[in-house]
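The following pair of complexes shares a single chain, chain A, combined with chain B in the former and chain C in the latter.
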Partner chain A sequence: MRLNFHQQLDALKAQLMTMAHQVDRSFADSIEAYRTADLDLSQRVIGAEVQINMMEREIDRLAIDLLALEQPTAIDLRFILSIMRINSDLERVGDQSVSIATRVHELRSSRPFDFQVDIPLLASHAREMFTIAMRAFQEGDAELANSVLALDDEVDTMNADAFTSLSKLIADQPELAPQAMNMLIVARNIERVADHATNIAEDVIFWRRGDDIRHGGTH
Partner chain B sequence: MRLNFHQQLDALKAQLMTMAHQVDRSFADSIEAYRTADLDLSQRVIGAEVQINMMEREIDRLAIDLLALEQPTAIDLRFILSIMRINSDLERVGDQSVSIATRVHELRSSRPFDFQVDIPLLASHAREMFTIAMRAFQEGDAELANSVLALDDEVDTMNADAFTSLSKLIADQPELAPQAMNMLIVARNIERVADHATNIAEDVIFWRRGDDIRHGGTH
Partner chain C sequence: MGVGIEVKDLNAWYGSPHTLQGITLNIPANRATALIGPSGCGKSTFVRCLNRMHETNPTARATGTVRMGDVDIYADASPVEIRRRIGMVFQRPNPFPTMSIYDNVASGLKLNGYSNKRELDTVVESSLKKAALWDEVKDDLKKKSGASLSGGQQQRLCIARALAVDPEVLLMDEPASALDPVSTSKIEDLIFQLKRQYTIVIVTHNMQQAARVAENTGFFLSGHLIEFDATDKIFTNPGDKRTEDYITGRFG
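Up next is the complex of A and B:
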């Protein structure tokens, strides 16, 4: 039985949510692997990338087929375009998780030191943004999506603080430079996850309202 | 007089090329500003962002209108989708340039030191990739686009070397840590420009051949 157009849209949405859960799992695992220097867990994150990439390709293919065959307009068109954009952001969150996971190997080869930057706290902020953005997508709630945008500044501020305290750490204990630089990069990976969550929230608003609110625009 | 569909596609393409030139200018300026610690030039890069963002919104709006009104299929559909993706990558190259330009201020407040990493060389590699990718787009040349993909590995290798030599620099001269970390971030900004050039090349191939070649796929 061939699904009708709106059933196909629902199926596409469900697939994107499945991918989002997978990506969220990878991101959480990458942080946990970093926190506990767990090589097995980091390897699992790296291994999951293949599947995430396959999901991205499949969602993209379905979305393009729908555009070509159904030629949707207005809110249906915006919905499919939003899915394509969110799909791309999800895959990039997966990339950031892999980047964090690969850092665990470097971490293991250097001697342990106290964390000067609360990486798990920074990550939990980014993850909260991501979770809210995806719930806003699932529920089609532009107002909820809007609440994500304010949270991004907080992550940026935490990241700027991380830069300052890591610089100070290195000045005081230069032998810790490799670990500190490693941590600086992880902090920036997390900041990018927050950026992707912001993009997703903007796509939800575009889908529901037709507004392009990027860069503070209102048209 | 209303333009016909293919005239509108040509106009959209021309607008994207104009944006690409503007973005290329900003990237080149940001590197020059960093190299010479030129605050005026860095300010120009930061100021140009508003215009780049406006261009992005306008191109996106035109592309979505064309999708909705003309309901293109096959290569025309892929062309418009590619333009939307390239548009997004161009805007992000602009973001990287702004990020580099803002680093110039920090650079000025610290004492000068010899560059351990050849930032201009790294940047010229990334810029070459970007230039070839956009020429491939302009000429609709999938083979030329394909040649960009091989260049990305070189940039990644240079960037990994940068990480190593900056770690060593800090270990030897810890008082240079802030500048070295600054440079590490600039090197990563440049790496991301190269990543965007790769994305653009992949979009050209998708447009011309209908292949989704991301992540080594061939369907």
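Up next is the complex of A and C:
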């Protein structure tokens, strides 16, 4: 039995889950900061990025060490490769959160307007996908991971609707273009978070089953 | 060129223990096939049954069919002929200690009645070249004994000796387990060269070695062949839980 090695894999998993909680917190805070135009909260999101980046580097370092020193195979190899990919996706969810947080400044300097685009609803869908994907990872549940993939279509549709209505608004009322553009970027950031959640779910399926279903599983 | 080996329902006994139970697999020509598994799983017995080496043990017997091309190795040829066509290299290098390097390589040919010096010279040189040993020993061929070489060189000498009788298949039973990493990588490089011309079957406890050198890998457990597949499949996504448990160290 390679007890020490398997304990190190468990520790790596725990570290990735800690990072996932931090990233989830940042994403939720960025949406709340945007919704309430809360500059302090947006600054906290921006400040947390440093720590997320540090966690990413540390997890990569541990994973590379295990690859080099333990020469993992089969499910252990797939697990470490999945960890490295999920690590990168988590860091990028952190980046999207920072991008949303930086929009709060512009939001505060423009006059309020009801754009009929429900950013918190879009975000709650993306966050649900992220939460399910990370729970699937925690529990090693490929079935649960599979359920995330269907949810992505819904977020894509909501984002496309937002794009259509905001584009029309910009054409009809050009004076509102800066605010509408601001919101378009935020919608796009949220859609990217959903894409990262999808990637994470795909990595969980690869880890558990060895199936590469990215890009529809085609070449 | 190498030929493939087709094994059907091979069973073997050493005394009463049933050490191989119904093994069926095809070993493809001009490829390296690795056999892995815990000690006592039957993988060494299996390779010994491929060239009838098991018959050197009076308590051993085997049933089933082993074919090399058109030849049924248990029915159509003598053990001596089979062992010429299916050479073997063992874990511990075993050069004939009192013989020179030259005589070690030429010994098989001489036993088969070759005496033409020019012919022997040619075969000794080409065998040592194929075994990647020629440059290191060419000036001492008749001056030094086989036993005076380093462990890694001795193993390559044994490979040259096996190649000198022009086999089609080379069986290697843990050929690098007694060697340092440099000598091991020379043997592994050699396997890559040799499989162009020969069919290689390698028994190894070193799973990374199996992963590095072999196109196909078989996993043995308790006398059974649990799984036989492309090496990359075995090491990334094996089909059988027992294979996965073994290669990931969750076994035992």
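Just so it is clear, the second predicted complex is superposed on the first by the 211 of 219 C-alpha atoms of A that agree within 3 Å, B and C clash if a C-alpha of one lies under 4 Å from a C-alpha of the other, contacts with A are read in each partner's own complex, and residues count from 1 in each chain.
Criterion: contacts are C-beta pairs under 8 Å (C-beta built on N, C-alpha and C of every residue); 3 or more make two chains touch, one makes a residue touch a chain.
Quantities reported herein were computed from a predicted structural model and do not represent experimental measurements.
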Query raised in the report: In the superposed arrangement, which partner chain does A:Leu77 touch: chain B (first), chain C (second), both, or neither?
Result: both
Query raised in the report: For A:Met181, is the partner it touches chain B (first), chain C (second), both, or none of the two (neither)?
Result: first
**Report entry** First (chain B), second (chain C), both or neither touched by A:Ile31
**Finding:** neither
**Report entry** Greater residue coverage of chain A in the superposed arrangement, chain B or chain C
**Finding:** B
Query raised in the report: Thinking of the overlay built on chain A, is A:Phe5 touched by chain B (first), by chain C (second), by both, or by neither?
Result: second
Query raised in the report: When the two structures are overlaid on chain A, which partner does A:Ile46 contact: first (chain B), second (chain C), both, or neither?
Result: neither
Query - Overlap of the chain B and chain C footprints on chain A, listed as residue numbers - result: 71, 73-74, 77-78
Requested in this report: Sort out for me which residues of chain B touch chain A in the complex.
Outcome: 50, 53, 56-57, 60-61, 64, 67-68, 71, 73-74, 77-78, 81, 84-85, 88, 163, 166-167, 170-171, 174-175, 177-178, 181, 184-185, 188, 212, 214-215, 217, 219
Report summary line: Note: in the complex, chain A contacts chain C through residues 1-2, 5-6, 71-78, 210
**Report entry** Of chain C, residues touching chain A in the complex
**Finding:** 207-208, 211, 235-238, 243-244, 247-252
